[in-house]
Amino acid sequence: MANSYLDISGVSIEFPTPNGPFKALDNVNLKIEKGEFISLIGHSGCGKSTVLNIVAGLYNATQGGVILQGKEVLQPGPDRAVVFQNHSLFPWLTCYENVRLAVDKVMKGKPKAERHEWTEYNLELVHMGHAMHKRPDEISGGMKQRVGIARALSMQPKVLLMDEPFGALDALTRAHMQDSLTEIQAELNNTVIMITHDVDEAVLLSDRIVMMTNGPAATIGEILHVDLERPRERLELADDPTYNHYRAEVLKFLHERHAKKDVPQSTKKATTTTSDAADKKEEDKKDVAA
Amino acid sequence: MEKQNNNAPTLTKRLTSLQKMIGATLASVTFTLATPAFAEELELEKEDLKFGFIKLTDMAPLAIAYEKGYFEDEGLYVTLEAQANWKVLLDRVIDGQLDGAHMLAGQPLGATIGFGTQAHVITAFSMDLNGNGITVSNEIWDQMKPNIPKDESGKPVHPIKADALKPVVEKYKSDGKPFNMGMVFPVSTHNYELRYWLAAGGIHPGYYAPHKGDTSGTIDADALLSVTPPPQMPATLEAGTIYGYCVGEPWNQQAVFKGIGVPVVTDYEIWKNNPEKVFGVSNKWAEENPNTHLAVVKALIRAAKWLDDNDNANRPEAVKILAQPNYVGADYDVIANSMTGTFEYEKGDKREVPDFNVFFRYYATYPYYSDAIWYLTQMRRWGQISEEKPDSWFHEIAKKVYKPEIYLEAAQLLIDEGKMSKEDFPFDTDGFRDPQTHFIDNITYDGRKPNDYLKKFSIGLNGDTVL
Amino acid sequence: MLNRSIRFFELTGMNWLIPIANLLAGKNPKAQLNQLLASIGAPLVAFLIFLLLWSTAASNIKTSLGNLPGPSQTWEQFESLVDEHTAARDKEAAFYQRQEDRNAKRIEQGKEPKDIRPYTGAPTFFDQIFTSLYTVFIGFAVATIIAIPVGIICGLNSTIYTGLNPLIQIFRPVSPLAWLPIVTMVVSALYTTDDPFFAKSFITSALTVTLCSLWPTLINTTVGVSTIDKDLINVSRVLRLSWMTQIFKVVIPASLPMIFTGLRLSLGVGWMVLIAAEMLAQNPGLGKFVWDEFQNGSSNSLGRILVAVFVIGIIGFLLDRIMLTLQKSVSHDKTQEIR
């Protein structure tokens, strides 16, 4: 078997809970080639984020593992840069400083001027050159996300991991950001794994759409190859039957075959997803502290 | 340090022991011979000093020695600091935060025999005679008044005895109400004076039994005495927590001014010219700083003399100083009342008491052994000393705590400097006053025979009685 | 200039000064006046009503020290305190002059001059204010040095936090009056040098301030650190920041707003505690001033105490403003209103 660029093989993960271990993922297998754009789609709580976090190295799989360019992923690192849903910029640093922090890390030993140039280049790339000395609380949500992307890109990662990067943005801004991302992707040809809820977004941006079954013990249900020519134009595609076919496929998967049942409140706990469970733990801690 | 004073202290020490051996009469001769070495300047072991005091008019010698520059004349840089209460003051002298303090005469004695905090504290300077009074609340005064004989003008005949209070106390007792009174400290002059006055009128003030762990002093008591810091006396009386108190000035006159109580008797009437506060230092401090101690005593003697000079002519100025907030801080009029030789009893009943505050006359500043022994007899009388002690023990403790030899050495230095004359000091005394008679109950006190004295009281422990 | 001063007023919470600044700059005077009236008018009226109520109430309350002083008597006492202060400064000058003279004489006599001693007179009211401020800052600084690192450790490690939490909760509500005797005895026992740099009473009251002002900073730091956005921590993990960099570049900046909220509370507590501690420990300062005046029981005492009450209040208010300014300047979200 030929070695893929990124190999997710046999990944399962369990989280300890007071009611015994909770199996979030079961036997997830996925091979990704260099330069591929992959979307992960599924109902909320199906473990998409968990997959992403395992690739990032933020979580360790209970069984199986991730191999990137022949090396097993054991901990987080700048070669797998993450763009988080809530931009996660350091609020006390300016946009420039946020990116520079990452640049200083990955370009250790390079001259100052070079690092400065690279920082500015990445900010220009996401069209944030004009506001690079502003702080995150002085710019809009879409701009913050751009800086988040610039920071991730500046690390020149082997894989770019994006966790619902545009989920918190309004529809117009989101469309705008998708176009920007398409543009950047055309230029850099990164390997990307992106989580999304948005079917249009998935079809528009991806080479493959990975659809996940509902948890617990979620796994990959189906993989859809999107064979649309690039560059893809949003407006033209709206009337394109192939595009609409892909769209329908995804929707069918989500709403017919793996429709999420309305779960009664009382049993919800048992089906809480991993990331939710982790959040839950955080909540508890806050309560104690307060 | 050692190099600086290798001459002076040894000489001082030698002189002290010499003086002890040949006795007081010869001492002055020795001094005249030795003076040239000293007359110029004492080699001070410590020049920056901090003394504590309680806000009472009898702290005056300290304030005057500071304000009149007597401390500075001796090369001393003194800071005076008011203390919260007598216990804090004593503790801070013992642990060295204070170099010395204005103390109750009973404090050095009590500390040295181990009643309360145990520590060897000494005194070489008595600060004053008299100066205290007993005040009762208006309510009690109204009930006492019918029992007091009046003169032709209708004024109460003085001294007012506790006999007039006895029916009131009995009434409270039969009503089941405790009769509470305030005094300032268990070993304070005020405690003993209040007890003396009450007991002389047949009211039992209660015993202490420290060997049983009882230090409240209320065993068998008709009147229950408790501790309140002097400045808080008027407020406590006003609050109704106590019905009367014994305290130094200005806190009796304050009650008259505020209209919350009536002083009934001064300690001058209980025991004419009774010794009151002393200037106490820890024995350790005195041994480490003999010359500094001498210099301090010198300054204090001068201050005391200034306070009594020319028939109290300086008193108004002294009152002005004491009225400053950092000293006593009460109103001028309140302090002036007693400090200038008058005392106001019931509102408007102002009487002459020229010797109410004596700072220098009658050898007031000399630390008499007999004064020390009187306090020890009262400690025995009320059970603070729980067992019988021989007369020799009383004398031994008195000599351990009262240091007339240091006082006389300081006096001699002042004479040599021409600031004082020989007549100002009792150089020929053996440390015992002649038997004293002026007590409210007419009992004679002879400090040489403390156990005999104790036997004369109808209320009080004596002989081998143990509670 | 105008914008800068407006920014400063906003930062220090003195928003009511903004219209004045605008007015001075001649910007739309009528609107500014209206705004000024709205922001200053109400407090001004409230203050006047307070003065009126105070003076009426005061003249009707008879204490054994005379009537309760009203605003004018209190103001008189303030003036007399100022006079006393200047008089004391003159006395101090004379004190130094005497030392100089004595030394001059000594030199004449061929002797070594003595060191010039610091003034030994009683501290004035204004000296007491500075002593109090000094004491509270030392106590507060020690508390901060302890509370922030412990808070960070507790915030990072939930096991340590769980272990320490009961202790923190037990000690936090303890009144300074309960600590004081213990602190006094411990200081007496342990702080035994012959030539102490600090007075024992100073150490006692500063430590009492520390013990009481420790908790708000500690708890807020803990909460601040433990509630740092998980994503920010993940970012630093992805960047593989070293432990120290993570503490100084991420953890501390992220929790600074909470730390400062704690510091502000701590300083407030410390200032309040200090007055009580000074009263009991007899450490020089405003607390001792109040206590001494209470003990003096002179006809001026209540007026002087009231002056102290206002001064204590005003200083407390100013300290809070300073901390608020700092708190605002470290806040990440400038739009958030902090009061």
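First chain written, first letter: the chains are A, B and C, and each begins at residue 1.
One rule holds for everything that comes next: contacts are C-beta pairs under 8 Å (C-beta built on N, C-alpha and C of every residue); 3 or more make two chains touch, one makes a residue touch a chain.
Chains and their UniProt names: A = ABC transporter ATP-binding protein; B = CmpA/NrtA family ABC transporter substrate-binding protein.
Note that the coordinates shown come from a computational prediction; the quantities given were computed from them, not determined experimentally.
Contacts between chains trace an open chain of neighbours here, each touching only the next in line. The most central chain, judged by C-alpha centres against the centre of all protein C-alpha atoms, is C. Inter-chain centre distance (chain B to chain C, centres taken as mean C-alpha positions): 42 Å. Distance between chain centres (mean CA atoms), chain A to chain B: 88 Å. In terms of their C-alpha centroids, the spacing between chain A and chain C amounts to 50 Å. In chain B, no position touches at least two other chains. In chain C, no residue touches at least two other chains. On the chain A side of its complex with chain C, the touching residues are 56, 58, 75-78, 80-82, 84-86, 88, 90-92, 101-102, 105, 135-138, 155, 278-279, 282, 285-286, 288-290.
Chain C contributes residues 64-65, 84, 98, 114, 117, 120, 122, 188, 199-201, 280, 282, 291-301, 304 to its touches with chain B in the complex.
Interface residues of chain C facing chain A in the complex, by the touch rule stated above, are 155, 158, 161-162, 165, 219, 222-223, 226-227, 229-232, 234-235, 237-241, 249-250, 253-254, 256, 330, 332-335. In the complex of the two chains, the chain B residues touching chain C come out as 47-48, 55, 66, 69, 72, 75, 77-84, 88, 95, 97, 229, 231-232, 234-235, 238, 254, 258-260, 323-326, 328-331, 334.
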